[in-house]
Amino acid sequence: MSSGFGKPNEWRRSMALGGQMLTPAFLIVSAVAALGLILSLWREYAGLGAASGMNDGYSWGLYKNFNVTTLTALGSGGYALGMLVYVFDRRKYHVLMRTALLVSILSYSAGMVSLGVDVGRPWNFIWMGIPWVWNMDSVLFEVALCMTAYVMIALDLENLGPLLERLEGKQFPKLVNEMAHLAFRVVKAVYPFFVALAFILPSMHQSSLGSLMYQAGHRVHPVWQTPMLPLLYLLMAWVIGLAFVVVVLEASCAIWKLPMDWKLLSGIARISGFLGVAWFVIRLGEVWYRGVLGKAFQGDLFTGVFLAEMLMVLIPSVMLASPGISETPRKAFNLLMILCVGGMLYRYTPTTIAFMPGENYSYFPSVIEVLMSLGFIALAVIGYLYTVKRFPILPVPMQLYLRTAEPAVCVKEQIA
Amino acid sequence: MKPEKQDVQPEKQGVNRRGMFRILQAGAAAAVIVPKAQARVAEDQIRYAPKGAYAMLYDTTLCIGCKACVTACNEANQLRPDPGYSKYINNIYEAPPSLNSQTKNIIKLYKNKENTEWSFVKQQCMHCVDPSCVQACPLSALSKGAFGVVAWNGNQCIGCRCCQLACPFNIPKFEWTAVNPKIVKCEFCSHLLAVGKKPACTSVCPRGAVIFGTRDDLLAEAKKRIAGAPGKYFDNRVYGEKEGGGTQVLYLSHVPFTKIGLPELGEEANAAKVRTNSETIYQGGITPLVIYGALLGVTRYFFKEHVKEAEEESAQTGLKEQL
Amino acid sequence: MPQSLTPASDNPVTRSLSPGIDRRSFFKAVLQIAASVGLSAVVANQMAEAAVRGKKPVVIWLHFQDCTGCTESLLRTTQPGLAELVLDLISLDYHETIMAAAGHQAEQALQASMKANAGKYILVVEGSIPTANNGNFIRIAGKTGVNMLKEVAEHAGLVIAVGSCASWGGLPSAEPNPTGAVGAHEILKGTKVINLPGCPANPNIFLATALQYATLGTLPELDSDNRPKFAYGRLIHDHCPRRAHFDAGRFAQQFGDEGHRLGYCLYKLGCKGPATHANCSTNHFCEVVDAWPIGIGAPCFGCTEKKLAFRMPMFQTVDIDRPRPPEFYPSMTAKYSSVSAVATGVVGVIAGAAAAGAFKLSKKVNDKPESEPASDKPSDGGK
């Protein structure tokens, strides 16, 4: 093999996997998604109360607290990795960007669908177009606006690359090729403006998701309730956003038996670990500084949750941050998943577990709610399975790319 | 944030090129994410009750639990009676278990385990001076109107229920079973105020346990009652004068306020705390703009570098560059 | 066949009235009295038997500062009627209003009865006793009220204060109380005085108490104000015929309004029923239906309660005296929703499946990516 293309498993280019779409796994996921959508219709017909375990105390259920608050953090990889590449100039990670951005747009889109199902009077969204009814004090308004803008404008544009590349393929008419090429040049010209937007908007709404719970005041357990919630939420989005990109890539390599550039991935895993440790230190310091550390150790449910989320972040983070991780992809995979679960638990806890509306209200998601929530996640999985097979998303080594993807593109033969 | 970022730089490539952006990076990161650790409310975020703000004063020592106010409220607001507990026995009683989408006003009973201490309590919207629900509502469906009444406008409500999340008193209720769900809460009988009448609950109360007036008058009345019987009322304090930034429904109680569902909130409105926190981060929208500018500068620079590299590689391999 | 009972031959009151009542209706009268105040059937029967055997209570009735309303209501009770009452049920040896004798003759009757029945007779006090100006606001047979009461009470077997005035001062003791009026028990310190407050007191309560003492020699159970519990143990409010209106929040807002005409609750008009211990609501006066204040649309003014009648403004609403609040109010801490077992199971299954899938996936992760050459074609495998 040529040394000019790097090592045999060094990722250099993104490539569509191709292959059959309707695999058994795809069909199962589709069934789950279809069930979720059918139940969404039922929710529109029967009202939110019939479709969820929400009540007047716990007015936000899985739709917002899990599918939006928690899962968009998991999908913050595109934004965190983008910052790494374009702001902190870790250019070598650029090859991972397409996967990260795809995960981001899918997780955010699923979140938006969930949000659409969750609101009770969606027709009044027309007022979003009329600035004088905007409540500039409202945290939720800021979240909604930033999230919509991020998904509709910034993420869409960032994800145009693979689409345009496909449209330039030989199977399309020449006119389409030319249009796509023109569009590519336009996108390239405006790219930095939108990338910068794609950094500032998630920074705003990922931190504001924390502010949302800060609004709940005394109704959130004091161990979790802090003015620092925006910072901790944002930091956690970075930690698990990066971690999840690695998880997705490792899993994709395992599933489709692709060569894995672990040298590259372990770098991200380590950064995620360092950020996780930083998060842990800030969180612990913050809880200690406010003098509520004792309330975290009163031997109740909250002690368990606090310990679970702290340890599930600390232990994997420390192990991931150690240099030895570059030798053990499988261990890292497990640690990253634990880190993701711990981080998701932290993002979810203030919204529901540590949320105490009083009067003995209690909440547990209903079956329909769980199935709908799962259906929205399945939608994102369908999107992922389809896109990586039909669009150049997943990173592969140059040799593999040259052997399998559109040989006509290779103008200059470089193979030894 | 800065030190952690530095820790994760495994290779020291392009140090010089990055050097000039060091300060910018650190500054941008710090400004975005480090709010003031202290939840002090900024002076300009404190709100005060409007002049002549309407108010109610409720006194637990006078309330006899007759529930005349509950029925009157339902009639005045044309709410369907909620059979509540009695729904299994012919729906004959109106017995809501708590405030809900059919109940804007309720009388509840607090009783300790030994049955030695008890009190009735009337629950309805507190009409906060600085309401969390109004602060939280994204499209201004909830607003503080004339005389400080917190009212709901169904034409602008998207049904996000953020008001329910934010309300420290757990007041706004949602029609969970409706296709066109509404947010239901006491609106001070605005329709009666408009024709010069008092809110229904205050006009039927047989003992004047809940009375209507301007906030200033009722505060004076409450303090007069406390001065007239020191020790009769818990803490010799009017709940709502300062709690949570002040409310327009005031409470006098002979049992601790927390026992009758009134949380100890401190003198700062939570809405003001949230605004202060957000304002500290955003500085009126200047921070995001400045950071966007900074990010744009850095990104454009590194993107150009990246494109140069990519184009070189493209020329070398003959492969199209990938964004 | 009517059978005449032996009248008290030396009774000046009974002598002036026509004798004669059949045994059956006498028995019935006693039973009615006993039953009307809620005594048990056994006790009522014992009382009736004893009364039939002629054990009639000897009663000496003293009047002080009163309106004679208590006497009037006693005389107007129909079950028993006036004749049965004074001829057969009690032996009323001295009563300034209804005795035929007057002047010295009356005083002699008093002294004679006191001597003859020393230690056994029942002293009934009606009206409050003036204490100001050495008690000179009242003088009977040359004696002040205080002295007369003390003298008669000395040999009495039982002292009963009938009406609010005798019980705790009543109307004459209202502010500014110029006569220094007090109740009987404040003069007779150390003597047990049974208080039967009421303005007027319900005659059945008096009869039942007097008969029980005379026939069984026992006293009814008393509360802290020495009121018999059988009559004063419960609140007017607890058995008020208008209670349903109270519970529904329907109140007469002012006298003569729509609600008042419809018989709504009178609480807002100042009804003291919720704090007044009496049996008026179940034992109407003189067997006339609805002959009691609330029955005719007037708020109860709390005559049996020292702290209410003539003390608290008539139209002011009263605190509700209820040692145990009812249970039908929503609690501060009601339970609203519960965790469904199915939902828990579904969440558990999903979490389990996710964990198992993740574990299985981690087994597939290539642990030696550097050493393995890239495969020729990407696999098409699913999860």
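Chains: A, B and C, in written order; residue numbering restarts at 1 for each.
The definition used in the following text is that contacts are C-beta pairs under 8 Å (C-beta built on N, C-alpha and C of every residue); 3 or more make two chains touch, one makes a residue touch a chain.
Computed from a predicted structure; not experimentally measured.
J.: Hop distance check: chain A to chain C, minimum number of steps through touching chains?
T.: Graph distance in the chain contact network comes out at 1.
J.: What is the identifier of the chain with the smallest separation between its Cα mean and the overall Cα mean?
T.: Of all chains shown, the one whose C-alpha centroid lies nearest the global centroid is B.
J.: Comparing centres built from CA atoms, which chain ends up most distant from chain B?
T.: C
J.: Would you kindly tell me how far, in whole Å, the mean C-alpha position of chain C lies from that of chain A?
T.: That gives a centre separation of 74 Å.
J.: What is the distance in Å between the mean C-alpha positions of chain A and chain B?
T.: Spacing between the chain centres: roughly 29 Å.
J.: If you average the Cα atoms of chain B and of chain C to get two centres, how far apart are those centres in Å?
T.: Distance between chain centres: 50 Å.
J.: Touching two or more other chains, which residues of chain B qualify?
T.: As it turns out, chain B has residues touching two or more other chains at 98, 261.
J.: Which chain A residues sit where two or more other chains touch them?
T.: In chain A, the residues touching two or more other chains are 55-57, 359, 361.
J.: Note the residues in chain C that touch 2 or more other chains, in rising order.
T.: Within chain C, residues 332, 334, 336 contact more than one other chain.
J.: Quick check on the complex: what are the chain A residues that touch chain B?
T.: 13-14, 44-50, 54-57, 59-60, 85-89, 91, 94, 98, 118-122, 124-125, 127-128, 133-135, 137-142, 144, 160-161, 165, 168, 184, 187-188, 191-193, 195-197, 199-200, 203-204, 207-208, 211-212, 214-219, 227-228, 230-231, 234-235, 267, 270-271, 274-275, 277-278, 286, 289, 357-359, 361, 392, 398, 401, 409-412, 414
J.: Sort out for me which residues of chain C touch chain B in the complex.
T.: Answer in residue numbers: 246-251, 265, 267-268, 274, 317, 319-320, 324-325, 328-332, 334, 336.
J.: Can you name the residues of chain B that touch chain C in the complex?
T.: These residues of chain B touch chain C: 61, 64-72, 84, 95-98, 106-111, 115, 118, 120-121, 204, 206-208, 259-261.
J.: Okay, in this complex, where on chain C does chain A touch?
T.: Contacts found on chain C: 332-340, 342-344, 346-347, 350, 358, 361-367, 369-370, 372-383.
J.: Tell me, which parts of chain A touch chain C in their complex?
T.: Touching chain C from chain A are residues 7-9, 17-20, 23-26, 53, 55-57, 250-251, 253-263, 328-330, 333-334, 337, 359-367, 369-371, 374, 396-397, 399-400, 403-404.
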